[in-house]
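In the two assemblies presented below, chain A is common to both, partnered first by chain B and then by chain C.
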Partner chain A sequence: MSLIDDFLARWHEYRRPGYYEEFDYHWTMTVDLDRCTGCEACVTACQAENNTPIVGEDAIARGRHMQWMRIERYWEGEYPDVKLRAIPMFCQHCDAAPCETVCPVSATYHNQDGLNAQIYNRCIGTRSCAVYCPYEVRYFNYNNHHWDEPLDQQLNPDVSVREKGVMEKCTFCIQRIRQAKDAAKDDGRRRVQDGEVQPACVQTCPTEALVFGDRKDPDSAVSQMLGNERAYTVLEELNTDPSVVYLKKVDADAA
Partner chain B sequence: MGVSIVPTLRVLKPVGMIAGVGFVGLLVGYFANAAFFPGTTPVQPIEFSHTVHAGDYEIPCLYCHTQARRSPSAGVPSVNKCMGCHAIVATDSPLIREVARHYENDEPIPWIKVHDLPDFVHFPHNRHVAAGLECQECHGPVETMDRVTRMAPNEMGQCLTCHKDMEVEHGIDCLTCHK
Partner chain C sequence: MQRRHEDIKFADVNNDIVRSLVETGPRYYVTLAIAVLITLACFFFPWFYQLYYGIGAAGMNHPTVWGTYLASFIFWIGLSHSGTLLSCVLHITNSEWRKAMYRSAEAMTLFSLMVAAMMVMVHVGRPWFIHWALPYPNQMELWPNFRSPLMFDVMAITTYLTGSSIFIYMGSIPDFAAVRDRTTGWRHHMYVLLSLGWRGTDTEWHRLGWAYTFLAVLIIPLAVSVHSIVSWDFAMSIVPSLHQTIFAPYFVVGAIYSGTAGIVTVMFVLRKYMNFEHYITKVHFDNLGKLLLALSLIWTYINVVEVFTGWYSNDSAELESLRYKLFGFYAPLYWEMILFCAVAPLLLISKRFRTSFVPMLILSIAINIGMYTERFLIVGTSLSRQYLPDSWGVYVPSLVEISILVGSIAMFCTLFLIFVKIFPSVSIYEVKETLPAPDEGKTQWQATH
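Here is the complex of A and B:
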């Protein structure tokens, strides 16, 4: 009977979305759609930083493209009065992530920093997570990839090169976060300061549409953005509680 | 009427032969592999002896492997570092003359890496040195080795055990080491 008692006593704990009482850091990104021009500089930066392969024409024709970050493009209105809407889309690091519940080997899980981790060594390639992801931001390695000379020389040594049969996705540039944390510890400081970590996309964005930081620090740039009345999360109705917050585009012509 | 075991044995004979040949093959393969691929104790291009340097003369590890204190990679000392002493010490030994030749030709010595972690592991030497870990805890008693042998199994269990024992903050989170 104690098993049932135990279960009932911990009912609320089991029902809590996510595994943590409190995150250590809560890494968050905001995307200001009013600033984003859809230039795709962030996409390129991401591809270079994270050793994302160029899959080639055939693979793309079969829907096997790999880009941890992509710009979704929408046209609004009729020609000649058309408007371009560009929305950068990448892993939303949901705090109640559907992909995490479905992985049979826990290769994707939530870590104490509010990050949705993807462990390539543990992944067995069932692709269930990609099916469950409402944002379609998980990419599967259908093949081993190679980098022609001299492109192999530009591979980032801080990021592993993934093999055939594993799932991959945006990590919020975990290698940079880790480096900043190591540096903070080396300095004897306890916490990473605001502005010390910048994922490749944030660093590259020419219009500073992307802002990255720790939500738990009330003075961080990202916390300031969260208070903005334009803030929303994509597919809010699914209750995934994403860590990426978008700021609505301001339309001059709108009523 | 007794039941003879002989027909059963006759059926099993080929199985036994296959198993025998397989076993012999395994033994030969094991020793041949160890002979041709001395993975854990590679023969270095110059027979550098840690026994002499770190053992007898008690030169601290970090005197030569100075990068271990500052960078994720422990690094191998440059030929310049060797010549710092050997410009005056034991200059007529054939091994030192070999080192001097590399120095004069501006060539690095092609040392063979003994402890080679897989590429998907992030192991910052500087953090571990800062935490007060002795090099020997992972690398074994290098100061007694003439030819360095890989002592660490380079397996995840070793990292996890230590991270648990030392109560490293979030030490067993996958992303602490995996990249």
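Here is the complex of A and C:
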């Protein structure tokens, strides 16, 4: 009987809404589309930081690009009256992530920092997470990749190199978050302070369109941004509850 | 009941069916050799290449990460549906015409499930870790994700495979015993083992009948659940045009539809090449034809509903997905599917069509081509057009994928060819139940039927 009681107690604990709220961090990023120029510096920085393979021309032609961070380009209007809309798109770290429920081996899960984590070693490559993801930000290793000399010398030692048959995606540079948490612990502090950790894309963005931080900290830069009236999340109607918040571009002509 | 039946004696049934097991002509060996060679060359060779190179050997790309492998998986699971399911339904409804055809139909279930399991192995990126999807105790205390529809799938298919295997084996025990008593040498030893010491006492028959009906009742909901769960792999996603409540019945009906067409094909081949003309007759084709007609109408209805609800939703992503399916890159395939699965089967209204063998064969193959197309379109068109237009793409299968599809058909044929030489492919004892008993007058038999 106690076994069942125990199970029920745990069940209610895990099913409680706001379960994740009790953990220390809720990492969040805001993307200010008014500042974004679509320069793709973040794409390059991400590629360098996370050992994302350079797949080559053939693979790109076959639609097998690997970019954890990509700039989606949308044109509005007819030539010559054309406007370019650039939207950086990467893993939205949804709190109700469709990809997490579908993985048969729990290779992708939600960790205590509000991150959608991917365990490469556990992945068996059903690719169902990529199907379920409405943002199309999961990239599959269709084959093993190699880095030509001397590019293999610049691989980031903090990030694993993924093998064929494994899914990968943006991690919010989890290796940097880990490092910042360790540093904070060494200093005898319980929490990482705002600004101590930045993913590669945020660090690189020349217009500071990207802001990263902890939503739990009310004074953090990202928390300030969330109150902005331009804030929205992509495909909000799907109720995935993303951790990436976009700030709408204000059309100067319309205003 | 057909007239020819009255001329068959009990002994003839034994003779005919044991003959089909022990007398093997060169034609059989040549066919088997070809099937094995095609399996090796078209299935295993490309698969090993793909294992070495990675899934990149197939044509899948960024938005369309699922391709023909998964389509083939659904197709084979679907084909498996009619065999055991139909056999069970007809058993509990006491349909006489089931008795000559159920054994091979059940074998079809078993082998298509096996091929489907192979397609999963081909589909996943790292098949050497596929056992992680099974809930087995391990020192890392890691379990599969019980929330995942794919996990449900693993459970459902293993259960169905186990259930169907037991069902076909149990139904064959008296036949193994009959064959045991008629064979010599290694065959005799094999059938001694397979027949589990069956002696044919009243108690044994009673227990067999009871257990058989029990399993039949058990397997019907199981079979329905299996394809519902396969449909959930898709319907539980939020991909436009996959996220539909109608998917479970759609898949189940589609499965039984393609499975029944598969049975017609198999019946034709068995009748023609195993000399079972007396056992598999026009009655069977007529009845299967009626079933196919009914299924095609239900299937068409569900397709109409699917398109209508998609249009009625007026959701931009849903509308684009629908437009792409009906008029986009894959549109010729869509209309081919409609032609083969919705229009052509209307011919079955004519009894003359249902009772002619060659047209039925052609139609049954056409239906299965159409049903394969349906599965391909479910995967291909939906994934190519999802929410973000920046990530739209087109998927075309590669040579490796096409080769593996051909190879999987050859693998199915190989398994079936081996089966017909080990299992009595027409049930000896149940066919006898439809015949007049040796000491019974013909008039009496006619009166009871």
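The rule we apply is simple: the second predicted complex is superposed on the first by the 233 of 255 C-alpha atoms of A that agree within 3 Å, B and C clash if a C-alpha of one lies under 4 Å from a C-alpha of the other, contacts with A are read in each partner's own complex, and residues count from 1 in each chain.
Quick note on the criterion: a residue touches a chain if its C-beta (ideal position, glycine included) is under 8 Å from a C-beta of that chain, and two chains touch if they have at least 3 such contacts.
Just so you know, these numbers come straight off a predicted model, no measurement behind them.
When both complexes are superposed on chain A, chain B and chain C end up sitting side by side without clashing. Here chain B and chain C are compared by how many residues of chain A each touches, and C touches more. In the superposed pair of complexes, A:R122 makes contact with chain B and with chain C alike.
Of the two partner chains placed by the overlay, neither chain B nor chain C lies in contact with A:D6.
In the superposed model, A:V159 makes contact with chain B only, not with chain C. By the touch criterion stated above, A:A130 is placed in contact with chain C alone, chain B being left untouched. Of the two partner chains, chain C is the only one that A:E72 touches; chain B does not reach it. With chain A fitted onto itself, chain B and chain C come no nearer than 6 Å, counting C-alpha atoms only. In the superposition on the C-alpha atoms of chain A, the part of chain A touched by chain B in one complex and by chain C in the other spans residues 122. Contact residues of chain A toward chain B in the complex are 24, 109, 111-112, 115, 117, 119-122, 157-161, 174-175, 178, 182, 185-186. Every residue of chain C that touches chain A in the complex is listed here, in rising order: 53-57, 59-66, 123-127, 129-130, 132-133, 142-145, 147-151, 154, 233, 236-239, 383, 386-391, 393-394.
Residues of chain A touching chain C in their complex: 59, 62-65, 70, 72-74, 89, 98, 101-106, 122-128, 130-132, 134-136, 139-144, 164-167, 235, 238. Contact residues of chain B toward chain A in the complex are 119-120, 122, 124, 126-127, 130, 170, 173-176, 178-179.
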